[in-house]
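Labels run A, B, C, D, E and F following the written order; every chain starts at residue 1.
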Amino acid sequence: MKLLIVNPNTSAGMTRAIDEGARRYAQPQTEIVTISAARGPRSIEGYYDAVVAAQATLEALLARQAEFDAFIIACFSAPGLYAAREALAAPVFGAGEAAMLMACTLGHSFSIVTTMQRSRPALRDLVRLYGLEQRCVSIRAVELPVHALDDDAAATRALFAEEGRRALDEDGAEVLVLGCAGLSHLDKDLQRELEAPVLDGVTCAVKLAEASSGYGLRTSKRRGFAALPTAP
Amino acid sequence: MKLLIVNPNTSAGMTRAIDEGARRYAQPQTEIVTISAARGPRSIEGYYDAVVAAQATLEALLARQAEFDAFIIACFSAPGLYAAREALAAPVFGAGEAAMLMACTLGHSFSIVTTMQRSRPALRDLVRLYGLEQRCVSIRAVELPVHALDDDAAATRALFAEEGRRALDEDGAEVLVLGCAGLSHLDKDLQRELEAPVLDGVTCAVKLAEASSGYGLRTSKRRGFAALPTAP
Amino acid sequence: MKLLIVNPNTSAGMTRAIDEGARRYAQPQTEIVTISAARGPRSIEGYYDAVVAAQATLEALLARQAEFDAFIIACFSAPGLYAAREALAAPVFGAGEAAMLMACTLGHSFSIVTTMQRSRPALRDLVRLYGLEQRCVSIRAVELPVHALDDDAAATRALFAEEGRRALDEDGAEVLVLGCAGLSHLDKDLQRELEAPVLDGVTCAVKLAEASSGYGLRTSKRRGFAALPTAP
Amino acid sequence: MKLLIVNPNTSAGMTRAIDEGARRYAQPQTEIVTISAARGPRSIEGYYDAVVAAQATLEALLARQAEFDAFIIACFSAPGLYAAREALAAPVFGAGEAAMLMACTLGHSFSIVTTMQRSRPALRDLVRLYGLEQRCVSIRAVELPVHALDDDAAATRALFAEEGRRALDEDGAEVLVLGCAGLSHLDKDLQRELEAPVLDGVTCAVKLAEASSGYGLRTSKRRGFAALPTAP
Amino acid sequence: MKLLIVNPNTSAGMTRAIDEGARRYAQPQTEIVTISAARGPRSIEGYYDAVVAAQATLEALLARQAEFDAFIIACFSAPGLYAAREALAAPVFGAGEAAMLMACTLGHSFSIVTTMQRSRPALRDLVRLYGLEQRCVSIRAVELPVHALDDDAAATRALFAEEGRRALDEDGAEVLVLGCAGLSHLDKDLQRELEAPVLDGVTCAVKLAEASSGYGLRTSKRRGFAALPTAP
Amino acid sequence: MKLLIVNPNTSAGMTRAIDEGARRYAQPQTEIVTISAARGPRSIEGYYDAVVAAQATLEALLARQAEFDAFIIACFSAPGLYAAREALAAPVFGAGEAAMLMACTLGHSFSIVTTMQRSRPALRDLVRLYGLEQRCVSIRAVELPVHALDDDAAATRALFAEEGRRALDEDGAEVLVLGCAGLSHLDKDLQRELEAPVLDGVTCAVKLAEASSGYGLRTSKRRGFAALPTAP
């Protein structure tokens, strides 16, 4: 299977991290290409960034749609995901959605640990959009902006461990979901420390893309994601 | 109050219709300017259109933000609404949200009558985003694309009357919400025929903008809509 | 527009405060008359009070229905609201409902700050009746009975500021709703201190009444609020 | 146990029917007294009626509270139920609530078959107030006003049988709840015909009152139903 | 009425305690027989125990179904309850379900206080299965395994009192439900100390069985609990 | 990866069909062993069957747990799934859960088409247990008992096609989930005819097991699925 991963922001470092994370657990026969949006924000910190990134992501997906069997939008909230499902024939996966669905098979409940407090309302809306509000017991934030995640790797890791532990102990989460792409290097490390599954969204999306492709599944074109005559 | 209404699509006819609809019930002291998105789809028929329209709408709003006291995104699903609330200091209203909130004061329940069957899943998600799923009893569609609404005015009106009647009789709706901007000319006419309130979203948004502005209200900047340092 | 505001309790001081609050942001052309229930409790502290107040409020509304274009029940939980919508032809607004609906346009979520802990279950039921449980993140109480709100204005203000701050910081509220009529003098003051919108219900009801009347809307008479042959 | 049943309307015929229904399955040691509200509507057809009936019912309950161990409000929607729980020390039961709770032990789901279409929104709100919306699959109405239920007993019975059958066959109900007091004579007859449990609310309330009294239970006075110093 | 109570575990001490608890408030004419499952775990601490106990409980019920008018599964989560409703003609009650339904008549909300933290997800699922998630405000655990409940009676009582008080004060519960069979001796004692209703599930099931039997109710056989030709 | 699939019923024909279905889209490196429960019902038609099958399934899983990396319970409602997650260290998948989660990535909504009307309440409870009630728009049944599915293959296929089409056209489903194991041969055939994704649960479970195993995920042992000292 040929898989295109689009990082919706323009940070080359983030794109590299996503690519590395995605390859770790991919099947040998999965060919992965990871690209950045051609324009837009260096990191997606809010709604306005997401709108700009959504269009840039769609342009990147459409430009190369003929070459790939499946597509991943490698940002937790996956800007443009539903538009991509409408515009493309092949299946499309979002990092956050993939992690939340996988989490449902591992425990009664999950928590999302994300970067900024300000993102919590949007993530709650995302959980509700996916209809998973009964499974997500909390959304916590370490209060670090995306661009600062790499400034001090040990401090970042410690903050995620701390909020993750609170989610497990205080909120009753059984599974943790990393609420930002580009943190894949933390998953197994935190999992060992916290003794609970810790899921990276892009990795989950790769595995669901392989699963879906392996079964020959494609996005339903029956109603809401039907192709439009006017679509690009 | 100075009020900027942005039609997120590029149809000049639709912009004119929105402008006329908006002025009908505005207060004399409300100064209305209605503009189109500078680029993007001629009508918003799906998710991809909405992504493109969202960015164009935000550009239009940001370009003229200093001149106005309040803003309206004149499309039922209001692409870019939350991004506009984040990016702007003054309050922003979406047509669909405004109509649904006003409907809540007039009856136990409302139905949305929209143009295309394919839009129903997205509208259901919109109703859930606004947290109004307990009040919205159905979403019905006349199965006419937006661009064909003006082809035969009498036929369009008859289709909306028919679906509206079904919503009232079969679904138990007490109030009807027109699920598309540019249909404001139908509201009072259908209301008389169907003997139930029929709400146009842009008109409701104008009235809520006046109400909000009259009370000096502005978008909360406490968490999810806080301004970003990186925002335009 | 001629607007009748009924204070469902018999406290003349509260009626004066409501009248003053209502006039602050009303349009010049809105003629406001504020009256008290003719009998019943001096303040509404529980369910029994609300039952008595509901009937007294309805009597007050019905006695003067011919003179007015719209009506407001100036108590947060608006005893008799649905009965008034059934009995009257013109639109009727409740203070709490109005504030909650306006709050929905300003932030992702709101909290209600009310007087007594004992009222919290009834307010939760009210939020559920209005179908707004997805938007209301908490209901907090300062634990002051209504009749004591005026004993020490500075202390009252401080208590509301403290609980409001907790709602914003701990519960993730983005907007605050004052859970009692007669507190309108606190709205802008708390808003400045807490840097978040603070809404007074009666004021919101006045603005929604103007909005609704401006658009020519009236309560739906299709099913649940249809006039009864046996009605007064 | 001494049990006071209050019919919230003033129809002597209805009071007799309620009394007869209540005695059918009561324990021998249960002493039942059934009275009417002293004033108010002859039947409760809408919200206004319910407000008037609520106060009259509370007056009737309070006047004789010292003589009884438990109380029943013998109307499906039980006007004044929560006020009575607040005002009285002994437990209070509502007909509709009792039937719905008993229904939960007999099947996955129940339907309410009531008199008028116009009551359906209020009953839906009642089901939500009781938090039973996951168990109630439909609310159907025979479209007969309460006062006409006795005009043609066979026709009334046939209408309830017809709507009951639809609830079972089309809505997937497993249990039927009669949505009006005064229909107790229909329960076993319809049960035989429809081959499904058919519950009368007043009878269920009698049985729950006996159950509750037998275990020595009383209304919680911890928060929302705590007695008020100002209460009668 | 003849009532069979099955303790789904094999602890003779627990069976005795259940039997004693059940008889305290039963009507004189209720004949109670309490038996243990013939095989299976000594206490039900998790899902695996519950599966084994479910089958053993069903065998016990089926072996003696002809002798009794009603049946109780005397474990809070009542393993096999829905299977028993399907397999038996007479009504079947579960301890937890009965307590939660009775709690709904005594307050706005209840909390469950159970033994182990690990049971909280399963109890939350149980509350959701019964459709009572709007009424249950919290599930708390004292962190004592079932088999240790009798080791130090005073300590056990103190732990339940402490968590019960937190449920009332911090979670807003108005009624407490003991989340384990075999704790019936604590109900009235804790009720006096905490000044709120405290319900034992088996006792509530006895009272509901008497109520249901008194009204001649039986499990609906319309759809989900219909008898199977292949059933034992 | 070594994968054990347990058919919870004792039908050898069903076990063969499950095995064949499971192998169709498995990765070459996935070693699949499919076995039957050693005792219990020949097909699972109701709750009692499911209780018996749950224990037999757990025995089968536990007997061979050391040999495999992941486990599948090959029945739509997966009797014993949560007990297996508690008892085993390696991940366990249920057919229905897997299909529903995969469906969420392909459309806004799915419907389940199952065998018997009587199973609909239990499947609704299953959907609610998984927290997917916002995504599942209907549960339909062809009214064929499991044991009759093979009697007339063409008729069975036609019945599923008919109900599937109704789910798509009338209920707004975008994806169909086959509500019974042993129907895997229908998936692609129906998919072509109905032009919508049609998912077989066992196949989805195989693909999710591969995905989960590929990423090194295991069931969380933090709270509800923690191993018990008393467990087998």
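The rule is short, and it goes like this: a contact is a pair of C-beta atoms (placed from the backbone, for glycine too) under 8 Å apart; a residue touches a chain by one contact, two chains touch by 3 or more.
If you're wondering where the values come from, they're calculated on a predicted model, not measured in any experiment.
Taken together, chain C and chain D share the touching chains B, E.
Among the remaining chains, C is positioned farthest from chain F, on the basis of C-alpha centroids. For the pair chain C and chain E, the CA-based superposition corresponds to a rotation of 120 degrees in steps of 5.
Rounded to a whole number, the gap between the C-alpha centres of chain D and chain F is 43 angstrom. Centre-to-centre spacing of chain C and chain F amounts to 51 Å, using the average Cα coordinate of each chain.
For chain B, the set of residues that touch two or more other chains comprises 108, 120-121, 125, 128, 134, 172, 174, 223-225.
Taken as a contact graph, the chains fit none of the simple arrangements: neither line, ring, star nor complete graph. All chain pairs in contact, by the document's touch criterion: A-B, A-C, A-E, A-F, B-C, B-D, B-F, C-D, C-E, D-E, D-F, E-F.
Residues 25-27, 91, 93, 97-98, 101-102, 104-108, 128, 130-135, 168, 172-175, 188, 195-197, 199, 203-204, 207-208, 210-212, 214-225 of chain F are the ones that touch chain A when the two sit in their complex. Residues 41, 45-52, 54-55, 58, 80, 82-83, 85-87, 117-122, 125, 128-129, 223-226, 228, 230-232 of chain E touch chain F in their complex. Chain A meets chain C in the complex at residues 120-121, 124-125, 128. Put simply, chain A touches chain E in their complex at residues 108-109, 134, 172, 174.
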